[in-house]
């Protein structure tokens, strides 16, 4: 036992600081939750209306069978990559700076995955028959078709959702134990259950660490497969401009891009609201800024490779889509998207000084996510709107009901996250302590 | 029923079934009169979409006449292309369905089982011919229009994909009649509604496994081509090119 | 609840130390009391790098993960190939059992089962560590290290060890008695 | 093929009108059994009954699929000589007339002021009593406007109106009066010839929309298929000349646009070349008379006026002579001008020059046959005849108006002021099944059965190689408390007593029909009894003798002076020609209450459920109008507003508007939808035939605010060009 | 624990059979008709009353006139026979409660099943021993499939789905 006492002495303060969101709640929080609940209720109402009257409440029509719901599905899956990437990849690479970021990113993963699943249901024409998708023995003696990329997707997302829940839960056990000992009332009971008898013995620590060590590479592999399969949903189709080999890796990188953007937003907001400046420092923003720069470049490289191939090949089917993007019906959103996810992040993030400006980074995160949302729409809609039979060319813009559901679901995601913040320490307490210890030792 | 060994060889894929239903569209005969469109609506209980839905691009047609312009005034031409489900042998729409609502029958039909469909609409995206149509809402017929509905075809509810079936109900009853007499279906005995109504006889339907059927003969025409052949979907619909000098 | 016999109760001694305390001598003392390492446990708010106790760590987690993965592959093959064969329907000219599909589905289910099995094993391991009766003391999380020793039903020994811990610098020592059939 | 079909179908003939068509086994949670079993009906098994299509005057034979008392589908009768088992969109949509939700369900009496559209249901007894009372009051002053009817019903109506000193006017806005007049003037017969398209190898058509609605479109469609691909080694060549690329023109190998109304001039040009180059063999009489006619203009002059190049005129003439069996048709826009009859006579003259008269692959007339109904079809009325009728109402010599399936207030331009008839008529009785624009002005409505519920027969002797006498039988039991018009008239005649009763002694039209058919069926020497023969006839769908000899026709073409077309409105104020054309689905508007037809995309514009204005792209650009913009079209007589569709196949100085929309009544699907282009037309007539010159009014177009999303099948509305679609093999 | 197991079993059962087309209606007919009496005791052949079974997709309910062919000459010994007579006299059809009904998406034809050599009892059970209206054991897709499999009938979805 050679450690200097400082980190041990700091522990009460760390406990206090990081548990305080769980213990004290301001009226602004209630207001925020109230407002979000209203939006969620509106969204739920819109969905109910859509189920009652028909999926025609969307603006979809042939040949554009997929629209904002699937775009949102892809987008939210992308967001879900934040947690896994930050905690998984950075844990694998032993990046110490990850510590205050992992928990809030993992929370995002879980929330985003919940929301993602919802979009599948919004999208179904007959959602009340969703159980046809579940592989279980039934009187029809009929199973789902696993040859469909959608079943790959369902399997992958189920795996991913289960794994991420496990992955956020495991490091939470010591923190739940901590909360169990410090919070009274019904929550104590819940924390008690969730802490599954944690008492901090070395045997427990060792088991926990080993489990995390095993699961981390696995979940990174799942993460990559999940978004690859989401990419496969498109690239397996014969639709011009979908049928592309680069889609799987491109989707993975794109997901990380928007995921990181979302982490920056979350990090900034939580730091501000819960005054976590001591734990979340400029250094973290700078590191995330660097990562964002890398994903920007990587994504731009892939996108360029893809579009260049189309342009040089001049295959008319594909050109029809590209033309509609470059100067056709979708030019405005296309160029807006290009500036949001490539140009603006690139010209700002290359400046080291900019990367040390949390507000600026938060703005970039917002811009990137806005851009990525449009990018998801542009991946789905223009290729569908330009089928090979030009007689069927068409346009699409989401309807009001779609917007209500999209906004409602965004509100739901924020609401779930806000509620989770009240239940789960947003920074992993023991990992933070461990990080401090490591820092002091070196 | 004499079987041409070569034809059998060629269609060994479907040899499990005695029939392989195919259609020929003679573009040199097609006048674009759209009798087939109404015939299809009447036979297959296709919903009336109404003005609003039609304006949203949601009017349902299992067979539609596409019109393409060529040239400018005064040397302008309008050319018609009847497009229905091509019943591809290697249909892109089939494998993407997560619940087997879309699959291939042993007789070479691209089937859609309405009650199995949950409306993910992937098949619709993946059909290069935009042949698949979706019920965005529950259908509605002002009374007593519903009296006309064909009891041999189910009425599709909202949220379900549908498309041309080659009038499978007619194929089914034709086969039953032949089966009861212990024989094969004769050429021309089964006609889908569109084929039946076509004034210029631009549409021909028959069994590809019967080497003497009209379809088998016409398929060999030098005018023949498939829509988007290069996609490798192997459609069961053969088009015969319109002649022009 | 009536106590049946005194003898079946077990005692656990918990000493709380300042983390700066050098523990090895303390442990030696306790070992000399005839208490094996197996009955000792160090409680900490952090995982400690150094292992002061000589305990075999036998957690076959890796093996369980691999077994889970293999089971997962089986599940995947059943889903992708088995269910397709149960009701063979041709779609798009693709084979009923498509190898790439089996690969993809098996990959996902392998991961799923591997992770779930690993997790379940971990959770069970954490929840049912051999030494029952170990309780967390909130003060440990505030920055101390706990040393807990199981002394069985020997009350005298418990007191001895308690004494020992106090002498070694524990700022708090506690003897817990656990009814055997609780 | 048809042979096989017969084994599959059980074509049945009903022998008694009242045969108990069943109640049903409905998809409810109750099973309701029949009280009495019906041998003809097996639940769950379809029966096919023959009938005759009455959606237009072509008289196609049909078979109707009936299951458990409900008509499910109409198909062409494979044995019928007109349509050979085929049927057009409108014929198939007749089911939606039968099951139309807006059908009148019983007799109605007007309440409130005339035209307010308020009616109260009454009993048949009340209605009949009142009507008979009115017939007595207005003795000798009644008139009846009907859509053309034929066969027994026509005979009955003629007899009755004759006895009542009434005036029977059969009017059809697309009745091809111009063609009938021109043919009469050319060949001295009122019968239209059979145009043997199937055996022609070259077709030059001056606007005849024979694949859309002209004369007998299904029959022409069948022939067209044979013309193109029905013969080994021969593929007919087809040239269409008209200012708008119609559906028919788009099937042509070449479409030659020309200035509206100059079709006759082009015919002169072609004839001139034929005569000049000695490409025709004519009697010296014709040679002289034709020479006068065809040399009146120089080729150069013709080329300037028609906008067809001299080379093209020469080429057409040469192609006509090099073909083995050329055929020339004229109609559509060529007939819709003030010089329509002249133009068609000139076209007939060309047919004479190329020797198409009486030739295989040309124009043929058959020897007249004895038909079940002696009177084939009373002559159709032209618009001028209707004006004459209107005059009689104004003068008060006619006071009682009967309407039957005719909607003159909708199909006639308001500028003709036909509402005078309705203003002056003291009592109006309508037998229509729907509350259309005219019927809603009626005082008494005694709704007819749907054709699928009633007995009837159709005599077709025009435009057909053999005469077809088709029957229609009630295939379903009447849905509502309606009565067949024939029965109602017979009832009234009996109420009016002698001498009417004596002239029409039958109780129902069915009785009358059978008695008339008895004469024919027993004439054909057959040992079988009439009932057997009648049953067979019903199973066949009618009677059509084969091997009818062709009739020799004398050409009596007078020497003709070409008149340029006249247009209402001066070209500076109204720079554009206006051409309203009958829509493919809705025809003149009678199809507007059938949702299938409303939703049937126009094949060229792909528009549905509405009206639009077609403009040439160049013209649109010059006027600063984009596709989808809303425009106002104004003539000296009225104006309409609709969205623009840019139409590449249109003469730049012309706009085209589909007819059939813009109903003020006529049920939920038709009412208030789109615009009626007849509003624009002025009183411009082709003097010789008395037909309205629908192309004879000039208009101007101006952009107005707004724009609406017109339903189109082609969703982008971007007029896809063939180059953009891939791998269609160039179609 | 038993409760939990029970509810789980119910849940699994519900999940298994969800989408089955069985009608939950009880056999409560306006006239208490007994198949045991007619088909059993009197030994009337099924197709005497359900006469369309060999020529139509539907077997058909007997017309009222058909009932009368026998009942006319019978004395009214039970209240139900009296009821039947009243219906007939009033020329009202008996609104039988439907017990077997296939959903709209199923194509089923009695004709072809009888042609294939099946007997009525193969699906409807031993009617002559049932006092109430017989019904198929179940209208689940798996039930149809099992029989098709055993008899080598077509497995193609479009054989039965329309």
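Each chain carries a letter (A, B, C, D and E) given by its place in the written order, and its residues are counted from 1.
Basically, a residue touches a chain if its C-beta (ideal position, glycine included) is under 8 Å from a C-beta of that chain, and two chains touch if they have at least 3 such contacts.
Computed from a predicted structure; not experimentally measured.
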Item to check | Intersection of contact partners for subunit D and subunit E | outcome: A, B
Next on the checklist: According to the touch definition, list the chains common to the neighbour sets of subunit B and subunit D.
Outcome noted: A, E
Checklist entry - When the contacting C-beta pairs are counted for B-C and for A-B, which pair yields the higher total? => result A-B
Item to check | Longest centre-to-centre distance from subunit C, chain (CA-based) | outcome: D
Checklist entry - Which chain is the middle one, judged by CA centres? => result B
Item to check | Gap in Å, rounded to a whole number, between the CA centres of subunit B and subunit A | outcome: 43
Checklist entry - So how far apart, in whole Å, are subunit A and subunit C when each is placed at the average of its C-alpha atoms? => result 32
Checklist entry - In angstrom, rounded to a whole number, how far apart do the mean CA points of subunit A and subunit D lie? => result 65
Item to check | Between subunit E and subunit A, distance of the C-alpha-averaged centres to the nearest whole Å | outcome: 55
Checklist outcome for this item: Where subunit C touches two or more other chains simultaneously, the residues are 87, 89, 91, 94
Checklist outcome for this item: Residue numbers in subunit E touching two or more further chains are 104, 109, 157
Checklist entry - Listing for subunit B: what residues touch at least two other chains? => result 57, 66-68, 81, 92, 95-97, 100, 103, 106, 116, 228, 231
Checklist entry - Which of the residues in subunit B end up touching subunit E in this complex? => result 100, 103, 105-107, 109, 111, 113-116, 152-155, 165, 168-169, 172, 176, 179-180
Next on the checklist: Which residues of subunit B touch subunit C once you look at their complex with the stated criterion?
Outcome noted: 13, 88-97, 100, 102-104, 106, 234
Item to check | Parts of subunit E lying in touch with subunit A, wherever the complex brings them together | outcome: 15-20, 140-143, 145
Checklist outcome for this item: The answer for subunit A against subunit B in the complex is residues 53-56, 58-63, 65-66, 123-127, 129-130, 132-133, 142, 144-145, 147-151, 154, 233, 236-239, 384, 387-392, 394
Checklist entry - Okay, in this complex, where on subunit B does subunit A touch? => result 53, 56-58, 66-68, 81, 83, 92, 95-100, 116-122, 124-126, 128-130, 132-138, 157-161, 228, 231, 233
